[in-house]
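Consider the two complexes below, in which chain A is the common component and chain B and chain C are the respective partners.
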Partner chain A sequence: MNIEEAVKTYQTYYCLDCGVCTGSCPVSRILPSFSPRLIVEKALLDLGDELLKDPELWSCLTCSRCFERCPAKINFPEFMRCLREEATRRGTKPVYSHHGMLQTIMELQTRGIHQKKTEWAKEAGKVAASGDTFFFVGCMPYFDVIFRDLGVDSLTVSRNVIKILNAAGIEPVVSDEEACCGHDMLWNGKPEIFKKLAEKNLDVIRQAGAKRVIFNCPEGYYTFRHHYPEFFGELGLEIIHFYDFVQDMIKQGALQLSNGTGAVTYHDPCRLGRMAKIYEGPRHILQTLADGHFHEMERNRENAVCCGTSGWANCSSGSKQIQVERLKEAKHTGAQTLVTACPKCTIHLSCALNNMDMDLQIKDLTTLIAESMD
Partner chain B sequence: MVSMTRELLSLMGIDNERLALEWVSSAEGARFAEIVTSFTNKIKQLGKSSLGVAA
Partner chain C sequence: MLDVGRHPRINLLAYSEVENVSGDAGNFRVKVRKKARFVNEDLCTGCGTCAEKCPTMTVDVFNAELGSRKAIYKYFPQGIPSIYTIDKDACRQLGQGKKCGICAKVCQAKAVDFEQNDGEIQLHVGAIVVATGYDVFDPSVIPEHGYGRIANVVTALEFERLLSASGPTAGHLDRPSDMALEKEIDDLEKEHKKLSRQLKQLEEKHGKSSAQVMDLVKSGAAAADKDLHNWAASAERFGELEARLEPMRQKIGAAQPAKKLAFIQCVGSRDFRFNKFCSSYCCMHSVKEAMIANEHDNEVSSSIFCMDLRAVGRGFEEYKLRGGKQANIKYVRGRVAEITEDDALNPVVWFESTTSRQVLHETFDMVVLATACVPTAGTPKLAELLGIELDSNGFFKTDPLAPLNATRDGIFVCGCAQGPMDIPESVAQASSAAARAAEVVAPARQVAAAGSQ
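After this line comes the complex of A and B, so read on.
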């Protein structure tokens, strides 16, 4: 999609030039040279070449805070995604974090390899090779290795999903052949790799005979919900977020949770909150677990801020500043634990916390649930 | 660092014997030749990897 088509598709000509997007943007606050409003304007003024060469194109967190508030309802993150596709076609690319290791792993998954990444699942509980329910684990086995130094222990979260599903009498399918969901490739401007990964996943899930797919990772969930149908049409699969499932279990009395987590606060991930509109489910669960000791941060729900970097690209001193501010905000609520619901938020916020002298714990909601099971 | 990369290779189903890291100083020409020769032989023995065969 070239710029002209992107302008038409996302109707950016309805821009009122009000600047609410730039005023809402967590990046613009730190890097005044980055402005969603100016990017929209440049695209309208036919300054495409200048725009596509601009490294600022990759500074956007695609966190959707601007779209949430835009009075003209311009979907800036999706517009940005299209600009990045075009920029990539013309040979510019973002500054990859972690030396591009994660992008390499994603791209290799389209090159005929057969992964061996489910050993942990067999140790965690009962899993199956085929069946109704597919647990889409996502990148956790890789994160577990890459971010071991941060002490985030990503696979613990996945193990706990299996533990909770087993407690509900479900033996989910986990597969070595499951590929990356493609989220990062899509937002890194590489839709052709996204498509290859997505096609592979749909094949694997269908071959397993699954009718529903459960996600713990918000990015996987949102990508399957929103972008897979956009690229491939109706999937014929039930796409379920794990927290919706947990809430149903609690309602049916199939899951008994004790309280006593101490004071907690909650960080809304962009993909789960503003994009998938799941705000209240995690809060209901937390209120049960924390027994009146759940405290909201000042910026919550649609006003929440991003964890500072996305798509494993352009992690900068600005990202760090966003993370430090967010951690201070969490601490300010009086919480001992900052609960997150996204593996990447956990990684990014832990990275910042490790360099701070702050008495705060970061924990994934799934792990908190598993620890509170009776 | 290399042990972590080898772990990642295993997860990807790529034989982690295909990756090695050795430190050789500029004064150790014979050792350098020996390491490279033995690693090349090892790779030849392992044969083609699954990579490069497009899915």
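After this line comes the complex of A and C, so read on.
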């Protein structure tokens, strides 16, 4: 899609030039040269070439804070995604974080390699090779290795999902052949690789005979919900977020949770919150767990801010500043634990916290649920 | 308005609702339900003794729920007809089934009638003019503005009442957070006073000090004595209240009226999420409110945040400029992105100044939201009753070339019922609608007169 088509598709000519997007953008507050309003303006003024070479294209967090508030309803993150596609085609690319290791892993997964990434699952509980329910683990096994030095322990979260599913009498399918959902490749401007990954995943899930897919990772959930149908049409699969499932279990009395987590606060991941509109489910669960000690940060739900970086690209001192501010905001609520629901938020916020002198714990909601099971 | 009330040929049916409409242009039959006021309209002189003596306070909706009024009330002082009404739900006798009737006792005109029922009136009319006005958009659905969450973010209408000499603050710009604190202090002081009296009585009766009793209970020497336990609990609560009240009193003592104001334009209008249209009058009412606030207190300064200030109309642009020159008003080009709150309960406004291309934030004492003009809640129902259409924005639809005609003959629409407009335009439309209605009524009346001869 070239710039002209992107302008038409996302109707950016409705822009009121009001500045709400730039005023809302967490990046613009730190990096004054980045302005969503000016990017839209440049695209409208037909300054295409200049715009596509602009490194600022990769500074956007695609966190959707601007889209949430845009009075002209311009979907800036999706517009940005299209611009990135075009920019990539013309040979520009972002500054990859972690030396591009994660992008390499994602690209490798399209080349017929065999992964051995579910050994842990057999130890964690009962899993199956085929069946109704597919648990889409996502990149957690890789994160577990790559970010071990941060003390993040990503696989614990996946293990806990299996433990809780087992408690509900479900033996989910997990598969060695499952690939990355493609989220990062899509937002890195590489839709061809996204498509390959997605096709492979749909194949694996269908071959397992699954009718529903459960996600713990908000990015996987949102990508399956939103982008898979956009690229491949109706999936014929039930896409479920794990917290919706947990809430049902609590309602039916199948999951008994004790309280006593101490004071907690909650950080809305952008894919789960603003993009998938899941705000209240995690909060209901937290209110049960924290028994009156759940405190909201001032910027919550639609107003929440990003964890500082996305798509494993352009992690900068600005990202750090966003993270530090967010952690301070969490601490200000009086909480001892900052709960989040996205493996990347956990990684990014932990990374910043490790270099700070702050008495705060970061925990994934799933782990918190598993710890509170009777 | 008074002229309407006094006009010999205008029959005013306030506090009434249209229930059914049949017939055609020149010959409509309208059924109107006249709601029970529990006050006889023919007898009430509007003297106000009843409201003065009424013991029940309730929320004053006219004062944007910022103040309180009695259960027997007039919606606002200048309202016509000048007749009191009992708020059935709030009234001790009607709503709560208690014994009261004080209003009836003090009314010299014997106008209070607790037995009054809704009345039904049949009208035979030639034309109908719809002038149902508008509602104010509820800004609490916009999460980034924090209305309802941040105490010192108010709507323009609330601010209007704060500015009004007959409003809840007698025209002073007291901040809602301070008003809430004052109320909390009042409530706590009431409890404090009551406990103080109780403890004093106990101390006098038993010849023991409350501190001794607390020590006794703490040491376990008062093991099973329930009275002593209660006494100690009261004493503890009393101490707690004293400790809580002191810093609150200090805080309220240091409270200042608002001096630095922000006006946020286009709240709920020119916004595809809510209403696409421009509410047209809000630019001017924000300038006006900022001017009046500055007239009231010369130290008040205001920033008006807008995409463009639409001062369209005779003298409006000049008024806007005068505000900038003489009333400490700063016009900022940039729509507000979000409002947060600092520890001193001051709203902090975040925005991009689109002229300087900078993302800025500024702290204010109070923020005023210029809320959109939206169709009244009853509009769809009335449209159905009258058999007329609504436009895509939900207002009554009119013909662009016959701007007062509704989509059915003999029915006319004027003022904000057909879309946002300011007072001069509404007044002009009202006169015009009356003239158009007369065009229908006059020949119909001649026909009727000829028929009866």
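Simple rule for what comes next: the second predicted complex is superposed on the first by the 374 of 374 C-alpha atoms of A that agree within 3 Å, B and C clash if a C-alpha of one lies under 4 Å from a C-alpha of the other, contacts with A are read in each partner's own complex, and residues count from 1 in each chain.
Here, contacts are C-beta pairs under 8 Å (C-beta built on N, C-alpha and C of every residue); 3 or more make two chains touch, one makes a residue touch a chain.
None of the values given here were measured: they were computed from a predicted structure.
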item	value
Partner chain(s) touched by A:I146 [first = chain B, second = chain C, both, neither]	first
Touched partner set for A:L108, first chain B, second chain C, both or neither	first
First (chain B), second (chain C), both or neither touched by A:G233	neither
Chain B versus chain C as contact partner of A:K73, first or second or both or neither	second
Chain B versus chain C as contact partner of A:K117, first or second or both or neither	first
Contacts of A:E302 with chain B and chain C, given as first, second, both or neither	second
Partner, of chain C and chain B, that touches more residues belonging to chain A	C
Contacts of A:C18 with chain B and chain C, given as first, second, both or neither	second
Which of chain B and chain C A:K200 touches, first, second, both or neither	first
Contact residues of chain A, present in both the chain B and the chain C interface	none
Touching residues (chain side chain A, partner chain C) in the complex	14, 16-25, 28-29, 32, 35, 37-38, 68-69, 71-73, 298-299, 301-303
Complex interface listing, chain B residues touching chain A	4, 7-8, 10-14, 50-55
Chain C residues touching chain A - in the complex, by the definition given at the top	143-144, 266, 270-273, 307, 334-338, 340-341, 350-354, 357-359
Of chain A, residues touching chain B in the complex	101, 105, 108-117, 141-142, 145-146, 148, 176, 196, 200
